[in-house]
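Paired with chain B in one complex and with chain C in the other, chain A is shared by the two complexes that follow.
Up next, the complex of A and B:
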């Protein structure tokens, strides 16, 4: 096991050591101290809208089942029978008040409670239920505006403390719905990369790479995205605390000053949506919401909201990571939602015109850091021009590495709490 | 004006078209491959074939414009996931003519592609449905759907022409 002294010597304010991406001992420690301790995004309440709905999800390599019991309460259960350790839930999703293990027929409620075990005289009768275990459950499950997070640690900061200012970005996203709610109903594409999970986290709010990695699509599609991440952009990179960070593109969207300009969708194409927004919020506020646009925020360690799509990062091994991605859907916005699915499908996933190229960079990076020299990765971009904004957050320009530095500082507080 | 000829396309001619399309895709003959599509074509690789691709995520769901964009992106030479180009060899088998839908003949087949890249080799296997149409005397694709065997699992990047 890597000692914490080791770790402190591998993370410096302006550089990190390559072994942080390749050392299996560090990965094992990350699972314990980050993935199985801090708040991790699991799923959304819109994926289990009805009593007894369930959907299979993950916390890193752990398989969990996100359930809504008959009273409406939400649970995150480990997919492991308390008898012989068999997987109890096979289906990706469904509606059931209980799960029955296929091996010996033990049955569990969707709260995790053990309900029954066949031929119970072998255990001295039904009252053995008192001493036998139910399904393992995440000790802490909380949701914020439908976004369900779990912590596998019994104690720690509350979800609101963990989210901090990142919660405002979830608010910003929800406000884009005339009903104030996001719905994740478009299904998922799963994209696997041979790379360490932190390569993905760092890339999500890296404003330096788009002009290079995505020039092939920007140059032919007339997309304005490239310009948002240029030297001249007024967008900023902001560390939100708690390892969370954002590319705040709203200054550019305000300069554009056009409702839905951020989405590249003329209002005339989504008249019902624009009308519903103005009816819900009033003309002035409705326009302001539609001009300011959607957030581009990485909520540490695994939830990335990128304007029109939502990614969930799942590490499987030190050099294997899956990105689950779906098009964000807004309650009360059917005309916009269809466009979002179309746009999102073109961009993301294994064949996506953006994400396949990001994935190529993750994988090239992973092979690159395995080379011996130089041992360190540079994180110094923009350090000399960082400033503190009016709310006390560290801010860099659109292309600075402010977000990565903040991620690593938070990483150390989790990996070496002393 | 384009002239669309109706009438079912025979198995041998359909199979010959599929083999040619496969050869062009393997050889990165981008313009020749693109020319096989009709103006109203759709190219679809679903995650879940039971779902409506207009409301659900797909791996690929391209209309004709987006097929053109995909080709242009490859032609920039800066599509990093295809630098260098994947080495490809595919076989097309189990070809059957299923019937006629309006002007189009529906043809099913199985495709198996070996893709070789620096990251390693990937074996892509799926059931394909083509909608073929005769336009100005030439066979064209009005639709192509590839249902990968493992479409709903985590997949590596797949930025070649499937």
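Up next, the complex of A and C:
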């Protein structure tokens, strides 16, 4: 097992040791101290709209079931029968007030409570329910604007404390709906890569790579986004605290001053949406919201909101990670939603170019980092020009590694709390 | 319920149809995993609508009717 002193010697302010991506002992420790301790994004309330709806989700390698009970309360249950440990739910989603394990028929309410089991004389009768366990449940489940997070630790910071300023990015996203709500109803694509999960987290707000890795999709789609990731851009990389970070492109979008300019979608293509936004927020604020755009924020450790799509990162092993991705949908915006689905199919669908580009880099990076020399990865880009913004956040230019440095600093506080 | 009256989840598969063979219509419920059939008339259905939550929870206990080992008569249509 890696000792914590050992760990501190592998993370320095401007570089990290390659073993952090390849050492199974470190990965095991990350599961305990990060994934099974801190708040982890699980799912969205729009995925379980009706009483007794459920969906299968995950917290890293842990399989969980996100349920809404008949009263509307939300639960995150471990998908493990309390009899002999079989998986209780197999379908990705469904509607059922109770779950019956297929192995011996133990039956649980969607709150986790044990309702009964076949042939109960073997346990001394029905009253044995009182002493036998139900389904395990995450001790803490909270949601913020429909985004449901769970912590497997009974105590710790509240969700709001954990999110900090990242909550404002969720607000920014929700405001793009005339009803103030996001709906994750477009379905999910699952991409598995042979790479450590932190490669993905770091890449999500790495503004240094898009001009290289994504140049072909930018040129094919005629997107102006690539140019925003340059040293001349007024866009910034911002560490939001708590390991969260963003690429804030909004200064460029404000300069452009065109409603929906950020999405590359002329207003004439989505007249109903533009009208609904102005009706809901008033002309001035509605325009401002549509000009400002959607966030590009990595909420540590597993929720990445990338303007029009949302990724959930799921580590399965030290060198195996799944990205679950969906097109973001906005309540009350059917014409915009149709376009978003089409755009996402092109970028991150099964044959999508954006995600395929990144996936190739993750896998090459994992293979490369396993080589012996040099042992360290450099994190120094932009360190000399980093500044503190008016709210006290550390900010770098669009291509600086500010967000990675902040992620690693937070990583140490979780991995070595002393 | 789909067009064929199928009410299904990963846990159970039941076909629901309206039966008009009797002098009043009845609901016909067929458990497609076992073939067992039960009819429910209007008053029985109304009683289920008004039953407290605990009533259904008790029915969901597998030992309650279908899988009994206490020597008493089991359930079944």
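We take it that the second predicted complex is superposed on the first by the 416 of 418 C-alpha atoms of A that agree within 3 Å, B and C clash if a C-alpha of one lies under 4 Å from a C-alpha of the other, contacts with A are read in each partner's own complex, and residues count from 1 in each chain.
Everything below uses one rule, namely that a contact is a pair of C-beta atoms (placed from the backbone, for glycine too) under 8 Å apart; a residue touches a chain by one contact, two chains touch by 3 or more.
Remember, predicted model here, so these are calculated numbers, not experimental data.
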### Task
Would you mind checking whether chain B and chain C clash or fit side by side on chain A after the superposition?
fit
### Query
Looking at the overlay, what does A:107 touch: chain B (first), chain C (second), both, or neither?
second
### Query
Between chain B (first) and chain C (second), which does A:186 come into contact with in this model arrangement: first, second, both, or neither?
first
#### Entry: Superposed model, angle subtended at chain A by chain C and chain B (C-alpha, nearest 10 degrees)
80
### Task
Please indicate which partner A:220 is in contact with in the superposed arrangement: first for chain B, second for chain C, both, or neither.
first
### Task
Would you sort A:119 into first (chain B), second (chain C), both or neither based on which partner it touches?
second
### Task
Classify the contacts of A:97 with the two partner chains as first (chain B alone), second (chain C alone), both, or neither.
second
### Query
First (chain B), second (chain C), both or neither: which does A:325 touch?
first
### Query
Who does A:89 touch here: chain B (first), chain C (second), both, or neither?
second
### Summary
Smallest inter-chain Cα gap (chain B/chain C, superposed on A) in whole Å equals 14
### Intersection of chain A interface sets (partners chain B, chain C)
none
### Query
Okay, in this complex, where on chain A does chain B touch?
92, 186-194, 213, 215-217, 219-221, 322, 325-327, 337-338, 341-342, 344-346, 349-351, 353, 356-357, 359-361, 363, 367
### Task
Name, in rising order, each residue of chain C that touches chain A in their complex.
9-12, 53, 56-57, 60-64, 66-70
### Query
So in the complex, which bits of chain B are touching chain A?
45, 47-48, 51, 53-62, 66, 69-70, 72-73, 76-81, 83, 118-119, 152-159, 162
### Task
Could you pull out which chain A residues touch chain C in their complex?
70, 89-91, 94-100, 105-107, 109, 115-122, 125-126, 129
